[in-house]
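Across the two complexes that follow, chain A remains constant while its partner is chain B and subsequently chain C.
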Partner chain A sequence: MRFTLLFALLCSPAFGDEIWVTNEKDDTISVIDIETQTVTRTIETGQRPRGITFSKDFSVLYVCASDSDAVQVIDPNTGKILHDLPSGEDPEQFVLHPNNKHLYIANEDDAITTVVDTDTRRVIAQIDVGIEPEGMAVSPDGKIAITTSETTNMAHWIDTENQTIFANTLVDQRPRHAEFTKDGSELWVSAEIGGTISVFNTADQTEKAKINFEIQGVHRDRIQPVGFKLTDDGKYAFVALGPSNYVAVVDPNTYAVLDYILVGRRVWHMAFNADESLLFTTNGVSGDVSVIDVSELTAINTIKVGRFPWGAAYRPTK
Partner chain B sequence: MIYFTALFAIVRRELLRFVGQRSRFLSALVRPLIWLVVFAAGFRAALGLSIMPPYQTYITYEVYIVPGLCGMIQLFNGMQSSLSLVYDREMGSMRLLLTSPLPRWWLLLSKIFAGVFVSLLQVYAFLGIAALFGITFPPIGYVFALPVLVCSGLMLGALGLLLSSTIKQLENFAGVMNFVIFPMFFLSTALYPLWKMAEGSPLLRDICAYNPFTHAIELIRFALYGQFNGMALIWVVTSFVVFMIASLWGYNPAKTMTNRKTG
Partner chain C sequence: MKFLGMLLAISIAMLANFAFANDLRVSITYVMREQNHAPTLSNLDPIPTDLGVVGAKLGLVDNQTTGKFLGHDYALDIITLAPDQDISTLKDLIDFGETILVANAPTPDLIAISQMVVESAAILFNASAMDNALRNESCLANMFHTAPSHAMLTDALAQFAFAKKWQLWAMIVGPQSADQALATSFEKSINKFGIDLVGRKDWTFDTDMRRSASNEIPLFTQDFKDHQLLVVADETNDFARYVVYNTWLPRPVAGSVGLVTTGWARSVEQYGAVQLQNRFSDLANRDMRQTDYASWAAIRAIGEAVTRTNTNDLKTLKSYLLSDEFALAGFKGRKLSFRSWNGQMRQPIVLAHHDATVAMAPLAGFLHQYNELDTLGLDQPESNCTAFQED
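Let's look at the complex of A and B:
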């Protein structure tokens, strides 16, 4: 294992960068140095930080401080909170539009999606969606935004030009996370209780495939797909399977599950490093982050962070 | 030179005996494989997760149990060697061996080494089969494990020798199973890590921590990941020396004579 790690360290040009992890119970962010794979900084945030993303130029960090009912804007260099954005109540996840300006925020308690202009710090739209919205995604061309609602079990397709819903598609029980493929042709939505990932054609919003998971020795009820990431090269999709403590590796071309990788307890979200050679998963209950070698498809290290790590985001430092 | 001639002859005899007994080789492999395939599969989800050295991340139970099963192979092998010593003594070939002009300690050490050599074949065959089940270690780990397995094998062989010096009849071997092999194996880190034992009972944990077999397993476990556990090595070497001295005393002809006179 050590040698794999050493090999990865020597071969990758992208080290020295950071992974930022929100700790839901500690009200902090743990900053992990990718090179040393240690926590180098801990930054205070508002209450119950969950969703986390950087601006496109990495100059500011946005954090959903759910119990503070705010999206906080943080200077990543100093770790200081610059200001709050009006987010609506209980923001859980969000996504930054490719224009680097509009933030689409899911307000879990209010069943709405709030669109905030990060420059003017004003709400530009509030869109009624299903009950308990959570998963957020935006298409690579920026034309479509997605909100998934946990209780309504739907993916809501939002036209970003006029901020209205133009389609709703049913997914399995309790959708948690949504992502477009790199070319924008497909939308993937995970269903936590349903135990599946639904794949939709973006063009006509029809369901194209459904991915099921099965792990030997783990009860079906514990296999709960939540966060996931697709590699840019279109080779793999990594799916966090919650309390099963495994990450599934899926072939996005055939939708077949290739492998399962053991990580920490209740794995939730994840982030790649720059060249996608390493994947960092947040393990909520065990309070740590597992490091997966993408080429070897094995977990090579685990890093202790704060209590209940939730979201993860990559930040280059050079 | 004659020392090595004797060593090679004893190793060769043990090896021939081992090759001749195919069922022994098979049972030596089947025993740990049953633990790996049946027992470990059943316990896969039941055991909690925790990271402890030498592991850097979470592992499945199958991965945890493999070094313990390597130790188990050596433990059984060490005890089986002791069984063969009792047999040899009953049949008279042991007496023939001990009449050699070479020092007794060298003959007995050669006998242990022969057992260790056989156990190495068994362990590496088992590791090969485990790899077929997808349980692999870094390549360097298989190399590092070799000297460590020699150390642990010598310790367990010396223990077997000590026991054989106290066993008068072949039938007493059942007692060895009950009072030595099982307690040594179950009260070690072969099946559960120490922190798991501590959850059950701190006393059990302490017993496990003082069991030399625990240290033999940890030495193997660290080596399989290319790491060195100095404390475990001290425990294993010290135990080997103690067992060896005690068994030499046990095989002391003067003592045997006294026993015979008094018996």
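Let's look at the complex of A and C:
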């Protein structure tokens, strides 16, 4: 069994691919080689790097350098900063529109979502949102962008045609992250202090379900859902539960919590490898990345990275 | 096309919603008593004249931003009372039946205001006074407390000392009545957490310590039995600063100086707190302090209650604030809520020195059958507050 797993791993197309992790308090990115599960490169960025995402063709990397007030565009091959994008102040998190052109950026200090055209490097819209915008998502068809605001406790639904808000939905305290399901029919929003994930019907923005978490021996106040990811096969959602040091495994069909996986301290964001057999979680306080085996639902390795790893993104090398 | 149709339907629904909700106006009055502060030996740390009020203004901005998406309109009136102004003049300035009051004023003012509104449904918030009695036998109906009590602060230090195994304390107490009250609270915490007080001395010096601290403090502390922590109760920060590094034995100092316990400190950075600190310092050009935080928290608590209940009815708001459903994200890592038995806001307490946060209480391992935050301050069984039960 172990052997087959290892064999499958070695033969998988993810061979040699990378996970890129922003280190918030080191102003660097750690590049993890998925095959050897070691850090192969450390790349310098602007100050306080957080949000990280690749262009759809993986030719460039975008990084929110929050304290430099810039989104930096980096050549992933050389690690060189190519240029900055005008991002508005204190960009924390962003999402790239399926058109591969428009970046929707949460400007945490300004209560604004900035839309930047990555080709012309121009700001094409700034949208007033709630206090401390952070979570960013875009629907698979590209028609809706979402900003969640931490202190206003809302998901703001943005029509990407005209860059205006068409709906606001309340969620529990301190929303942190948002994701659409693969078919776009649902929007999931985590609430760190509320301790829940709200699931909305995309069609009418009504709340469809609320997911709660409970871990034996951990006080409920310390169970704080932050980053999460849904698998493409619709089988699992993995939810980082912050200072509880656990990742919850949720069945996205029944919204039932299936399992809890112990990882590093203050687990925050995460990224899958190509075939989603492995999940890499950033653990802010312990300064490392946990590797979760998705089929076994266990943590199989820990990789030391920089101080306060925050965001994670997958990059194929072939 | 289908999508556009849907959008149109939604925007009509939203418009209808806004038209309805726009009627919701929430009036908040912030009452600030100017104070003639007692003179202190050092002039290093003046108390800002806008203490508290900037926190309230920031809370208003936060509420308004949320309110704009829901059609809720918040207004904040700020009333400043001169040091010698009769509190009863408030009656002419405020329509108590309509407004929510946040007070940054000493205990006698709070009691007077509470008596003025006994007949109405008014909600009051105490954002500054830390007296334990206000949460206990002298608690006031309709008064919530966003300022932590002395008991919460002294319990936090006792928890920390216990966790560090610094269970032998010596204590120096200042001459002011506030110093004595703080010392009494320390003694209660000492009993609660199994600390041994090896000695307590009253501060009697009336010389200027800037010149003679290095001579006087070693002698003053020489006859304390051996201890692990020296606690200083000096509410006005008059002499405490001269104790540190001048003690007979090399011992850490805590209480009013050294390791202080507080509702907020500039060094709180975790849990997204940097954003609150930045928003505050942009507005105030100074660091956020406990009374600023408590004022902000009061206004935000009101905003949160209005947001979730979609009403400005004071009775509904009050019962929501006291209910289990109420939760406020307060940048301290745990949700804030109100104790149903005395209106005190549950909140983590910061243990910090000047340059960094050392710990947040409750510390790991201090368990509670209901909420770990209730290991700090007056828990339900020990509270003699009855005003909230009659309601």
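We adopt the following convention: the second predicted complex is superposed on the first by the 308 of 318 C-alpha atoms of A that agree within 3 Å, B and C clash if a C-alpha of one lies under 4 Å from a C-alpha of the other, contacts with A are read in each partner's own complex, and residues count from 1 in each chain.
Definition applied: a contact is a pair of C-beta atoms (placed from the backbone, for glycine too) under 8 Å apart; a residue touches a chain by one contact, two chains touch by 3 or more.
Bear in mind the structure is a predicted one, so any value in this text is a computation, not a measurement.
Participant: Under the stated touch criterion, which partner chain does A:Ser185 make contact with: chain B (first), chain C (second), both, or neither?
Facilitator: Neither partner.
Participant: Using the superposition on chain A described above, determine whether A:Asp109 touches chain B (first), chain C (second), both, or neither.
Facilitator: The second partner, chain C, only.
Participant: What's your read, chain B or chain C touching more residues of chain A?
Facilitator: Higher number of touched chain A residues: C.
Participant: Scan A:Gln205 for contacts with chain B and chain C and give back first, second, both or neither.
Facilitator: second
Participant: Name the contact category of A:Ala299: first (chain B only), second (chain C only), both, or neither.
Facilitator: first
Participant: Does chain B (first) or chain C (second) touch A:Val291, or do both, or does neither?
Facilitator: first
Participant: I'd like to know which partner A:Lys143 touches here: chain B for first, chain C for second, both or neither.
Facilitator: Only chain C; A:Lys143 stays clear of chain B.
Participant: Indicate the residue numbers of chain A shared between its chain B interface and its chain C interface, in ascending order.
Facilitator: In chain A, residues 219 are touched by chain B and also by chain C.
Participant: Please output the residues of chain A touching chain B within their complex, sorted ascending.
Facilitator: Touch list, chain A to chain B: 1-5, 216-219, 245, 262-265, 286, 290-291, 299-302.
Participant: Residues of chain B touching chain A in their complex?
Facilitator: It is residues 41, 44-45, 49, 51, 55-60, 138, 140, 225-227 of chain B that touch chain A.
Participant: Across the complex, what residues on chain A touch chain C?
Facilitator: 108-109, 111, 130-132, 143, 150-154, 156, 159, 165-168, 170, 172-174, 192-195, 203-205, 219, 221-222, 243
Participant: Along chain C, where are the residues that touch chain A in the complex?
Facilitator: It comes out as residues 3, 6-7, 10-11, 14, 62, 65-66, 69-70, 272, 275, 278-279, 304, 307-308, 327-329, 333-335, 371-373.
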